[in-house]
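All chains are identified by letter, namely A, B, C and D, in their written order; residue positions are counted from 1 within each chain.
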Amino acid sequence: MRFHPTDEQLQIQDALRGTLADTLPPAALHRLVDGDAELDVESWQALMALGVGGLMLPEAAGGAALSLVDAVLAVEVLGAGAVSGPVVPHLMAGLAVAASADPALRERWLPGLASGETIATIAFGGAWVPESWDVAIADGRVTGAVQFVQAAGAAALFLVGVAGGGLALVEPGEGVRIEPLASEDRSRRLSRVVFDGAPATPLAIDSGRVFDAGLVLIAADALGGAQRATDMTVAYAKDREQFGQPIGRFQALKHQLATMALEVEPARALVWYAAYAWDRALPDAQRSAAIAKAHLADRFTSVARAAVAAHGGIGYTWEYDLSIWVRRAFFDRAFLGGPSVHRARAVALAGW
Amino acid sequence: MFDLRYGAEAELFRQEVSGFLADAWRPDGRRGDALSEHVRDVRSAATERGYLYRGIPKRYGGSEQPLDIVRAQVIREAFAAARAPMEIGGNGMAMLVPTLLERGTEAQRERFIRSTLDGTYIWGQGYSEPGSGSDLASVRCRGELDRDEWVINGQKTWTSDGARATHMFALIRTEPHAPNHAGISYLLIDLNQPGVTRRPIRQITGEATFSEIFFEDVRTPADWIVGARGEGWAVSRTTLKHERASIGSADALGGTFAKLVDLARTTLRDGRPAIEDPVVRETLGRIEGWVLAHRCSSYRLFSLAAAGEEPGLVGLMMKLLLTETGHDMALLAQELIGDAALIEPAPPGTRGRGSEKWLDQILGTLGNSIAGGTTNIQRGIIAERGLGLPRDLAMGSA
Amino acid sequence: MRFHPTDEQLQIQDALRGTLADTLPPAALHRLVDGDAELDVESWQALMALGVGGLMLPEAAGGAALSLVDAVLAVEVLGAGAVSGPVVPHLMAGLAVAASADPALRERWLPGLASGETIATIAFGGAWVPESWDVAIADGRVTGAVQFVQAAGAAALFLVGVAGGGLALVEPGEGVRIEPLASEDRSRRLSRVVFDGAPATPLAIDSGRVFDAGLVLIAADALGGAQRATDMTVAYAKDREQFGQPIGRFQALKHQLATMALEVEPARALVWYAAYAWDRALPDAQRSAAIAKAHLADRFTSVARAAVAAHGGIGYTWEYDLSIWVRRAFFDRAFLGGPSVHRARAVALAGW
Amino acid sequence: MFDLRYGAEAELFRQEVSGFLADAWRPDGRRGDALSEHVRDVRSAATERGYLYRGIPKRYGGSEQPLDIVRAQVIREAFAAARAPMEIGGNGMAMLVPTLLERGTEAQRERFIRSTLDGTYIWGQGYSEPGSGSDLASVRCRGELDRDEWVINGQKTWTSDGARATHMFALIRTEPHAPNHAGISYLLIDLNQPGVTRRPIRQITGEATFSEIFFEDVRTPADWIVGARGEGWAVSRTTLKHERASIGSADALGGTFAKLVDLARTTLRDGRPAIEDPVVRETLGRIEGWVLAHRCSSYRLFSLAAAGEEPGLVGLMMKLLLTETGHDMALLAQELIGDAALIEPAPPGTRGRGSEKWLDQILGTLGNSIAGGTTNIQRGIIAERGLGLPRDLAMGSA
């Protein structure tokens, strides 16, 4: 029986944390946020060099063949570091291709996805959930617009959700138009992508599994973000003085910080469990993914708000790092569907 | 007898004010420069008739009217109905002028009040410093008397209107050897001089309504001090009491709530208006209880003020109530706008009512819990001044 | 313009507060709670002697012809004192009879209701709201069971809600069976009342107005109860020492007390407004009554819980007075319909 | 690799335990006296085989097994599945026995442990006093040494099992001139003697599971002191560490949640099950997030304990999480039961599952925030021990 990270898993987290902190320090993050780049290339490449892209891909393709539990442990750390670039969509696309039984397809894409040379993203239209996907597919071509696609301009591969709940692979180029959006979360840029008869390769896989993995991964990103917002606030409270005392000595603030920690720390095992249930394909895997997404989206939102309040004025400024995670909370809440949607799904799946 | 009507005398007065505005005010007068001749003329005529600057003596440009809460409210309503220009607001009117009236010298009053009323002087508040927050006793920006001038060095932050302010009233440490409060003086500073650097503070929303102001050997005359040396703390606590109670301003919450209901009506979910969702209805219903409690409490406060009675406990709560209810509204708005939270709202003033514009509101409620003292400070005030609980140990005699 | 109590209204409140405190002191209250009496007769008679029964009844009948605003000011004080006996139902019955145009009926009942010699209560079946009343009326006789009737054993008059939303007067005796219930709120005892062909006098009045007045009055009772729970907690925090300090000096507790006060104090004007809107028959009278009932029921529930938590162990004992108000909060929440019901009504009335 | 299964070795062990129980335990053995011969025999045989009292040396009646969190859990599960009697619980096992093992004299261990394990001695905890609450340093109940006996006078309160306890372990002020903690000793007291008066404390629910205990010249032998004079505070902080981590006990929250879902299914509203109401569904969904977070965190803590690692931050949070989630469940239950909140629930143990029985749960959650330290104390512990924030000024060196 084991339900906490191994030393090896902790070492991987440390390596990722260190690499991201080195390649995307606060100054670089602020440049990214204030600039127009689709993603921060240096940190993306560094993470890919560490094997993030192939975490769950087969060893034959150059991947590490690890589990979703390993992936959430990684993504948590990357969320805490405000990773730029489409880590979660990229991992989802990799899972989709790896699930395909078509050897040609696997050979075509998996090595590049594993090495990170090929950047992939997802394009799920409608209201995120597979039942609502609305890109039409006919005669190997897709048509339709998808509202929110991360890092579309950098992607060499789109995993597109098509009407009826299936998935297809599309490459940029013919019949693919990208319209960048002003993204609220400036560490993860979104575009509208219009498919107009673009050539597509349908995947004969269980799209629900890919979607559920995405929910758990976004929950892990939210967990990392919430942890970072809490850590920043605790550090600030220890450091900042008022009335001759560190403000972290004032009982009301201490209790607010305890409440923030109470939102984050127990949620960690929930994310692990959702990943574990997915890895083992347990009967409650789908429900757990939905619950984890809903719960973590709410926790990140709530903790981000509390962090700003606890900081006072400085927490409300653009230049202070916290603003970056406040906006990431908006992203994690909406991306792949909001809390009320996933809660309603979880309740319905329980048969209540 | 409870009666929310203002009474016959007030309604007659309303007719008088409305009649004046119908004659004097050209509704297109606001176009172009907000300080156009016409606006100036109307303000001046309205002041002459006793409608504006009522608490300010005539010799400084006011209309010197007896305190009358109901008349003041009728005037506000009549001007709002006619979309006519009220008093010039801002920190100058709200904070500096009352302070000068109570603690200033005759020379200071003559020098500054009239220019503030007519908009010539725009005042920034210079209280907060980086690291000082709610603890104003820790002010470090220092002033040294060099013959007939104060020489000021240091930094102020969160100065509202800092970009366009012509002057600042500031708390400056002038007595370096006196403890905490006792070393602070209240100085007036001309901001249009060398040595003053302004840096806008960009907020989390992207806007910049506040500034940091840096002083490097900035000079102000020795007699631009209000109160005595070392009395700055006490001087800064003077507040405007004259006809402050109002109903309209308190109902900002009601205005936002109406917009929230609108958002819920116009947002579609699975093709149906979101307001048909029972969860949304229940949440709106919950929030409305707080909104109404706030509005009705503003009636109560207005009534108390009109009767010359103290506002009491509820008077200490209005701001916190606003913050907390605003927070609840922001959470529902965030739920309602859904994916629109992924895109930045268009800049203020641009056309289009995309639901993503609620993002500013949602982020703005974060700012509310900071502006004017954090909610923790507010709760402390309610507990101590309102409920008579003892001071925190940690706060000492602050 | 006036929207706060006059000196005269405050004096009436003082008189009621003093009389109730004198005639129903904590010891008497605990006797009542631990005993079986339907109501505390001494305090009831003392309040009636002060004119509570006739507050809103015409002067010709011995009443004071005051407004619902005056009544809520009175009931708030009585709720704070844990009044026993059916004050709110009695006032509602009085309003119903006074609204009748039938001079014989008025003459028969109003003087006794005003003096308090006649105790009246309400019997609203179904789910409280007039649309749901389900006692059948035919040929001047009523048949049906009503689940929760306060002080039924002491009442000389029942105001019965009948199917279709009408009201009728029924006297105890023939065809009226009273089955006492074990009441959770032991300061206000409830019975099940079964009408089996009991003679009834229908009232040709607007039953909605009577119901709305009841909502506002119960809200006022809840306001008083919430105020009392807050006052007790503030007093306790000033008095009780821990770690050598009054606990009211600990910032976290102070802020909790501030939050309790924030629930109660602004709600006061909301109750006033609901009464005022009813008195003037303003267009939002019905909505305001529903909102006031829902809001105050929630506030009382919340404040009662917070009061127990702030007291620690002693607040959780039967013998400490607070338990009485905790149970009154249960009553005020459910009686005449719960918060969600009235919130849904308020939202529907707004046309949203 | 994450793996929630206990592994092959553990499953073999489960078979062994289940096999033993299938042979030794007659499922009707619980009927009648809970301490019937049969129960006694099974407990004794189970202890001989190393299933019960695993952390206690054999010479005091235990089975003296090496620490094995997984085996302990398997034993709990196997006994629960067979509905067989586990160890005798209560304050004696949970608090006194570990204290004696760590701090008691050999004579005390021999005198008390075996009698506690077999249920002869039932222990009440004597820490709290009226007015002492979380501040145990303020204990006033005093003991004076009169030749070879302590003479005890004063009062203890919130003594669980106070009505049936045979003995008490208590914090008693024996050194009146020493400051605060330093004056307190840890004494054992026989409660069945003249001078002991027990008064049940009726709780807000109507039940009385705690008592006040009054001492009037009550006597206890001089050597019934654990640790030295004045060391009582430190002695009382000894806690049971052996195989404490468990999964089942942490899922009390899950059990209540399942009942809450049942309540929502069976409660009708306008003829439809309440669980079809979207507001109820949303609220259940919200609560389930917390319930699952709690359950999964208990897996995590169990796993850490099995690996011999420290529980860390989340270990400080389980109780508060339980309290807060219980509170949320109580609020929904109150909404669901509606008018049933107007009637008292039938006494415990009686038949009928009226939804008003939830009232005890609803009121009980009020008690949870008090038992074992108020939520404010819990938050303080999280902030200080968990997040490393400085101590409150007001708490001094407490």
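By definition in this document, a contact is a pair of C-beta atoms (placed from the backbone, for glycine too) under 8 Å apart; a residue touches a chain by one contact, two chains touch by 3 or more.
This one's a predicted model, so the numbers in the text were calculated from it and none came from an experiment.
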Of C-D and B-C, pair with higher C-beta contact tally: B-C
Distance-maximising chain from chain C - centres being C-alpha averages: A
Distance between the centres, which are taken as Cα means, of chain C and chain A, whole angstrom: 53
Whole-Å gap between the CA centroids of chain C and chain D: 41
Between chain D and chain B, distance of the C-alpha-averaged centres to the nearest whole Å: 54
Where chain D touches two or more other chains at once, by residue number: 278-279, 282, 376, 379-380, 392-394
Multi-partner residues of chain A (each touching 2 or more other chains): 245, 249-252, 254-255, 340
Chain A partner contacts - residues on chain B that touch it in the complex: 128, 130-131, 133-135, 137-138, 157-158, 201-204, 206, 279, 327, 331, 334-335, 338-339, 341-344, 356, 359, 363, 366-367, 369-370, 374-376, 379-380, 392, 394-396, 398
Sites on chain D touched by chain B in the complex: 277-279, 282, 392-394
Chain C to chain A touching residues, read off their complex: 250-252, 254-255
Of all residues in chain A, those that touch chain B in their complex: 147-148, 181-185, 190, 240-245, 249-253, 301, 305, 308-309, 312-319, 323, 326, 330-331, 333-335, 338-340
Residue ranges of chain C touching chain B (in the complex, touch as defined): 1-4, 6, 67, 69, 234, 237-238, 245-246, 248-249, 251, 254-255, 257-259, 261-262, 265-270, 272-273, 275-276, 279, 288, 291, 294-295, 298, 340, 343-344, 346-347, 352
